[in-house]
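Naming follows writing order (A, B and C), and every chain is counted from residue 1.
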Amino acid sequence: MTMLLNVKDLRAYYGQVQALHGLDFQLNEGSLTTLLGANGAGKTTTLRAICNMVRSTGAIEFDGASLASRSTENIVRLGIAHVPQGRGTFTTMTVEENLQLGAITRADKAGIVSDIERMYEHFPVLKQRHTQQAGTLSGGEQQMLAVARALMLRPRLMLLDEPSFGLAPLIVRDLFAILGKINREDKVTILVVEQNAQLALELADKAYVIETGRIVMAGPAKEIATNEDVRKSYLGY
Amino acid sequence: MELFTNQILAGIATGAIYACMALAVVMIYQAIDHLNFAQGEMAMFSTFISWQLMQWGVPYWAAFVLTLALSFAAGIAIERLLFKPLAKAPILTNVAGFIALYAIINSFAGLIWDFTIKQYPTPFGSSPFLGSQLISTHQAGMIGITLLLLLMLYFFFQFTRVGLAMRAAASLPESARLVGINTSWMIALGWGMAAAIGSIAGMMIAPVVFLEPNMMLGVLIYGFAAAVLGGLTSPFGAVIGGFLVGIFENLAGTYIPGVGNELKLPIALALIITVLVVKPAGLFGRHIVKRV
Amino acid sequence: MSAVEDVATEAPAVEAVPKRAMTLGAGTSLVVLALLFLVPAFAKNFIVFQMTMLLIYGLAVLALNILTGGSGQFSLGQSAFYAIGAYTSAILMEQYNVNYALTLPVAGVICFGAGFLFGQPALRLSGVYLALATFALATAMPQLLKLNFFEKWTGGVQGLVVTKPDAPFGLHLSQDVWLYYFTLVVVVAIYIFSVNLLRSRSGRAFMAIRDNEIAASAMGIDVALYKTLAFGVSAGITGVAGGLGAIAVQFVAPDSYTIQLAISLFLGMVVGGVGWLPGSIVGSAFIIFVPNIAEGISKGLSGAVFGVLLFLVIFLVPHGARQVAVVCQQALGKLRGL
């Protein structure tokens, strides 16, 4: 198994405030990993640091190449898709335009067209609404659109920031099922940041738990799920 | 009644000038979220360049196209050299930068070509349009070019990939970066396009107001007003706004007593501000919902 | 024409200056004051006159700083209030024989009223829209002053000549020197008032509105009242500056108060550091002296040189003189720590 993402001693800062205090973790290619933690623990900051959206120090290597000093858009072009918190949908543009934007860095017109069709197969509701303005979609639909848009990049790594936020449990279940499918069939490495620990741990192979900017636990998802402390702090029982 | 209709028509004719300028203003606004005070000067300088080319024997349309290309390049160069370094500075500092640019361009134009008024040719001739006393063929040509520009911009934004990328970058820069768009270059492109459109506006306006370094000041203000009236996010609104401003200006001058040439500008602006107070996003602008 | 509304979570257009950084320390202030006090001892009358104008424009920039840096409202129309103040003083002095010192409070009150009134329709505008509205005001003012209707008061296009006052109580001071000290006293008094205003509850209300209008409103601040109040205070101070200007220059005319003046005051505010009251005088120095320097460097390209110098300043210190002061403060802090 090859290592796709290697993060060493990651420290991140918002102005003078230090949010991450030296994170170390690795993602193997084809894996599905979840990063759990409470509000303010640093989960979003970790994803933002990978994409150079926040000031950070430390070493981040993607497929052997260092990500330091690359701009966000250049990091994306390496094959890292980031579905941000709040989804970041282009609300004033149509569903189809949002998908086209996901592929804006690709040159293969035919490939893009066929990929859009595939997205409609994954997410039929998007096909129904494909000429609608993205802002008129429901929360769950916008989340699917955000994931679909990320997939249009044909990414090797997909980062998702709290995809379950604000969504009804049934919809989250469907969404996570699709993520699992994408991971297995399209071989997309996935890192999901979640507060909804239970579903995330069911979905993932590996899990990290982060607390106030430090990783406090790491291991196979099944083990973390049965861990007493995790159950009390994050699973509520 | 006939006077009224005539003034409306005359207003539309002069309004084409403002519509053209307003298009350039909206172009820059969607890239940088602010009005660029130096835009009129850039348009003026471009017009002088075209004039100089023609003085050197270049035929009109060749000079037109060459000026267009040069203006596009210059717009990008100015943004990269002067305003990219200010990208992280406060917006008011950027506004000071626009004012500095204004002073520099105006001064150079004055030095190179001096302040005497020059004639500027029109490719459309200046005979009465379809026999009407109010609209000359040039003014009709100006309206035509403005509408053509609007159409081209529409196609660019709706049907090209670059246009889509620019819209995305203007709408949500962070999300745009997350799909791989280089938002910094989108801003540069916006400047280039605004400079090019501005040069067209200048070359259309010069035959009417005559070519001299201070020719664009009044036009720019009206262009701003038109863009704001139409809604700063809408090229279509900018054009409609331009025509409306032309009409306001003419009607104000005709019907409000005591309003000579000097007061036309403040009155037109006052009317526009009244509209804004009622419809803060302009006539066709997107209504912005502000969240805490 | 979309059904979907844009949601804007805007960063404030005017950045916040932390309250404790809003003024110079007491020590530095006293040094500056002492230096200003001693100027006439070392300078010829013309320099004294220029220093008087420095103080006067500094006052006008201060007013703009309260409006923009304090309450976050963008104004390109200060020249209008300056003009009203100037003409008020001139008319009262020349046509009603009012003592020059008494004209200043009148100018201030009238301009406060004008600003307060203008602030009402301006309430619904912000950012570029407000800039355009204030711009309209500034362009209208010279034209209004030229109107035949007002000519018997304003003197029309020619304007009015204003008599320069003598030093009172038979003091052996030249008119320029007396006027300098008079101006200095007025400016210092208003500066102290302004500092206290921004530290007061009203000042906090201004700044809350600047930083996040919706949150301020939700907190119970009467946004409409404070916004118009800010306009009023700013206009009032500008009016006093205008009155002083009329007395110093001994002349008022419509074309002295064009949009150029409003733009200069804006530049002065940016160069001094938006919202940093002591920077007003640095900004004022910039707008008075740099154009002269530019003309000295190249008569034909004076505008271009000015533009280049302005660019240099904003590239080096995008946050204005305040940035320089902060750097000095940090350097001093390091020295003390050694």
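Structure notes:
By our rule, a residue touches a chain if its C-beta (ideal position, glycine included) is under 8 Å from a C-beta of that chain, and two chains touch if they have at least 3 such contacts.
Note that the structure is predicted; figures quoted are calculated from it, not measured.
Of all chain pairs, the one linked by the largest number of contacting C-beta pairs is B-C.
In this assembly, the chain whose C-alpha centre lies farthest from subunit B is A.
Centroids built from CA atoms put subunit C at 51 Å from subunit A.
We define each chain's centre as the mean of its Cα atoms; on that basis subunit A and subunit B are separated by 43 Å. In whole angstrom, the spacing between the mean C-alpha positions of subunit B and subunit C is 31.
Within subunit B, residues 171, 286 each touch two or more of the remaining chains.
Residues of subunit A in contact with two or more other chains: 91-92. Touching two or more other chains at once are residues 2, 5-7 of subunit C.
Looking at the complex, you find that subunit B touches subunit A at residues 161, 164-165, 167-168, 171-172, 174-183, 286. Against subunit B, in their complex, subunit A makes its touches with residues 51, 53, 71-73, 76-77, 81-82, 84, 88-93, 97, 100-102, 104-105, 149, 153. For subunit B in complex with subunit C, the touching residues are 34-35, 82, 85-86, 88-93, 95-97, 99-104, 106-108, 110-111, 171, 221, 224-225, 228, 232, 234, 258, 262-263, 265-266, 269-270, 272-273, 276-277, 280, 284, 286-292.
By the touch rule above, subunit C contacts subunit B in their complex via residues 1-2, 5-10, 13-15, 68, 74, 121, 124-125, 128-129, 131-133, 135-137, 139-140, 143-144, 146-147, 149, 212, 214-215, 218, 263, 266-267, 269-271, 274, 300-308, 310-311, 314-315, 318-320.
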